[in-house]
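Input: one structure, supplied below.
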Amino acid sequence: MDFILEGLRQAFLLLFSGNAETYSAVAATLAVSSYAMAVSLAVGIPSGFALGHLRFAGRRQVRLVVDTLMSLPTVFIGLIVYAFVSRQGPLGHMGLLFTLEGIAIGLTILALPVVISLSASAVESTDANLRTTLLSLGAGKPQLMLGTLWETRHAILAGALAAYGRVMTEVGIAMIVGGNIKWHTRTITTAIALETNKGQFAMGIALGLVLLLIAFVVNGSVSFLRKR
Amino acid sequence: MTLYRLDHIVHRYDKRPALSPALSIDRWSVAEGAITGLCGPNGSGKSTLLKLLGFIERPSQGEIYLQGRKADMGMRRVRDHVTLLPQESYLLKRNVYKNVAYGLRLRKDRSDEARRVHQALDLVGLAPDRFAPRPWYALSGGEARRVALAARLVLKPKVLLLDEPTTSVDAASAQQMKAAALHAHRQWGSSLIISSHDVQWLQDVCHDIVYVFNGRILGQGQRTLLFGPWQRMEGNRVGRRLAEDQIFVAGNPPVEIDNAVAAIDPAHLSLYSSDKDIPGGNMALKGLLTRLALENATGRIHLAVAVGHTEFTASLTAETLATENYRPGKEIWIAYRPEDVTWY
Amino acid sequence: MKTLFSIVKRHLLWVLMLAWLCGPAWAAEPQQLLMATTTSTDNTGLLDYLAPHFTKATGIDIRWTATGTGKALALGQNCDVDVLLVHAPAAEKKYVEAGYGQNRREIMYNDFVFIGPTADPAGVKGKSVAQALEAIKAKKAAFISRGDNSGTHKMELQLWQLANLPKPEKESWYVSTGQGMLTSINVAAEKSGYILTDRGTYIKYAYDKGGQPPMVVLVEGDDVLRNQYSVIEVSPKNCANAKADLARKFSDWMADSQAQKLIGDFKLLGQPLFIPNAK
């Protein structure tokens, strides 16, 4: 029990004493998660929207595949990405192993199905009367899509936050692809894993609290934006 | 001028051909600048018809002509001038002002926007100052319905389609909505097509009333409709018992009589105070005069005569009515020739 | 469609901006050496202590990923790293023979010790390795294994073999953690069990517990318990892109008298964690 209180104390210390190692891990976490989220949202929202909005042959099968991919174990993604970016792998020449870029690719694979699936669900679950209403007010095809997208913004945002949560807390991919290299690819979660391995439980808890604080800031700003 | 002309329209929600289509209309036209009423039981196809007329859905077969030209969903002239208030109106997740202004913004027609939005809200009886900034979730059912109507009125549409506009709203809201719809018709010359269970209202305002049943249009005007079960009688006639000793007899029945609907036009019903005056070859039924109503468009008086649970509609000129001294509560004979009954 | 396109364009711009922002940090630096090593060298803090000296002496930026010896060797075989610092002599020799590595050079050692609860329920204190393992098996006392194919795990399996005992993997008292050394020691402490550890990690553990650890050294000093650490360069014959020249510089520096002295001076609680023995 002691190390929980000790962890709380250390969390403050780490943040306010400007602990360079901690800030390096925070920066790495923010970099990879922002990159993964930017790509996942840019690709995932339009595809998810298309999947939920359009009716085409094989739609249900695609949906099933995407939903299944939501359950991809992160360690498995890590292994697959490792297999590709290892110097022996097909993408080995790009030198992505043990880089933040490599982690970001893995995290994108993790987040993309979540964004696509939840966006598709959000669009599918819109009121059938929304389409009638938009059309009856004179919306053309692009306006119908934009209007639907805007009406489902809250649900899509919730999906994006769910994906962000997975990405931020991910440890398997970051460990296998990133290698937990100090000052370079050590993220908050891999640092927690390391501190736990070293038996420094208080330090692990402190880092966990730092991660929680970041998540709080992100969710807080989204909730603020939503109000407006 | 014809506003709409429907040509061999068939609409199916289910592709299986074994099921009867949701809507099947061979030919039908609607006059421009008129108010047309649609009545009929739930599930008869009124909403489907309005969605086709509003170009929200494309008919499975057939063509719809708007002002003489073939029209289809997505066309500019359709989107700009035809608008439908669906049965379950949906408010966009934004405030009242933006809901009402949405159609204007789609048309990139933002000149004088605030004044026009406020005017539309005024029309449906919602004080603009109080309601314009309200979010979509802070409205009662009747208010939301009125906002939805205002969002259509602000467009000053050439064609305004109203699907059950006054059901499930309070009496005051219904009153405001009826007045607003009439305003659109009178001030801007909008053609209105209204589906409603409020037959009284339709009779008051409509130039024409259409009865929709089982996906078909059962003629225009104030027809009396009679549903089975039918029993075969002598001489290619069928009968339907309405009350003790009162059997409606009709001639020329279709081969398949189980689901057949008989209709009789007011023009073919004559009224008598006593059965002695009824000429030969006519069938007679004794009923109770229950209601008199003025048809605004023609100046004729509609009379509702109840025989058992069935209500027949007959019509007279005001002069005839005055001489005959018909009044509600009076027992009255209605007479018709069985061969004048039409079948659907 | 125009508006939809502009939204996509805006997202794209954002991505590009981010990529640009993060770009400099990701660009490969020229003098960079990547090493795979074992958790013990990293967890004890030895590498954090040595790395700045190495960079100062050679101008080479060294980065390492800490894992079990098994995975470290696999990373070398897959050409993902340039040099290895590991401690499983038998596996290392096979590895070099197979042509994956070259120039295996012994750098330092510490020794393995058996630790257990102060109460010592199986009474193994002061016994030889073989006697101690027999006693543990006879008493069915809890025994914790790394079970992760690490150097320590390989050593433990070898010890059971040397004691002529079957691998007790399926016994109820045998707990395989699959975790790092310190985590496994903590598991042993929770279960009041015995565990094989390298002395360096144990000293670090004792230090973390404020010098009053619940687990104490019970068996030590047996010849078979020596834990030899070696540097192996990833063979450029197997991996064309391996930075063999930088790896050689690291290997040379580690065997050099300056680094050897630094290793000998690295102490916790007044005890050296590793004893340099480069030839």
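As written, the chain order gives the labels A, B and C, with residue 1 at the start of each chain.
Throughout what follows, a contact is a pair of C-beta atoms (placed from the backbone, for glycine too) under 8 Å apart; a residue touches a chain by one contact, two chains touch by 3 or more.
Bear in mind the structure is a predicted one, so any value in this text is a computation, not a measurement.
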| item | value |
| --- | --- |
| Partner chains shared by chain A and chain B (touch criterion as defined above) | none |
| Closest chain to the centre of mass proxy, which here is the mean CA position | A |
| Distance from chain B to chain A - Cα centre to Cα centre, in angstrom | 54 |
| Chain B and chain C, separation of their C-alpha mean positions in angstrom | 84 |
| Geometric centre distance via CA averages, chain C-chain A, whole Å | 31 |
| Partner chain B, residues of chain A touching it in the complex | 127, 129-133, 135-141, 143, 147, 150-151, 153-154 |
| Contact footprint of chain A on chain B as seen in their complex | 51, 54-56, 73-74, 79-80, 83-86, 88-90, 92-93, 102-103, 106-107, 148, 151-152, 155 |
| Chain A - residues contacting chain C, complex | 31, 34-35, 38-39, 41-42, 46, 86-89, 92, 95, 97-101, 142, 145-146, 179-184, 194, 196-200 |
| Contacting residues of chain C [partner chain A, same complex] | 1-4, 8, 11-12, 14-15, 18-19, 22, 25-26, 28, 34, 39, 43, 48, 63-66, 78-80, 179-183, 185-186, 204-205, 208, 239, 241 |
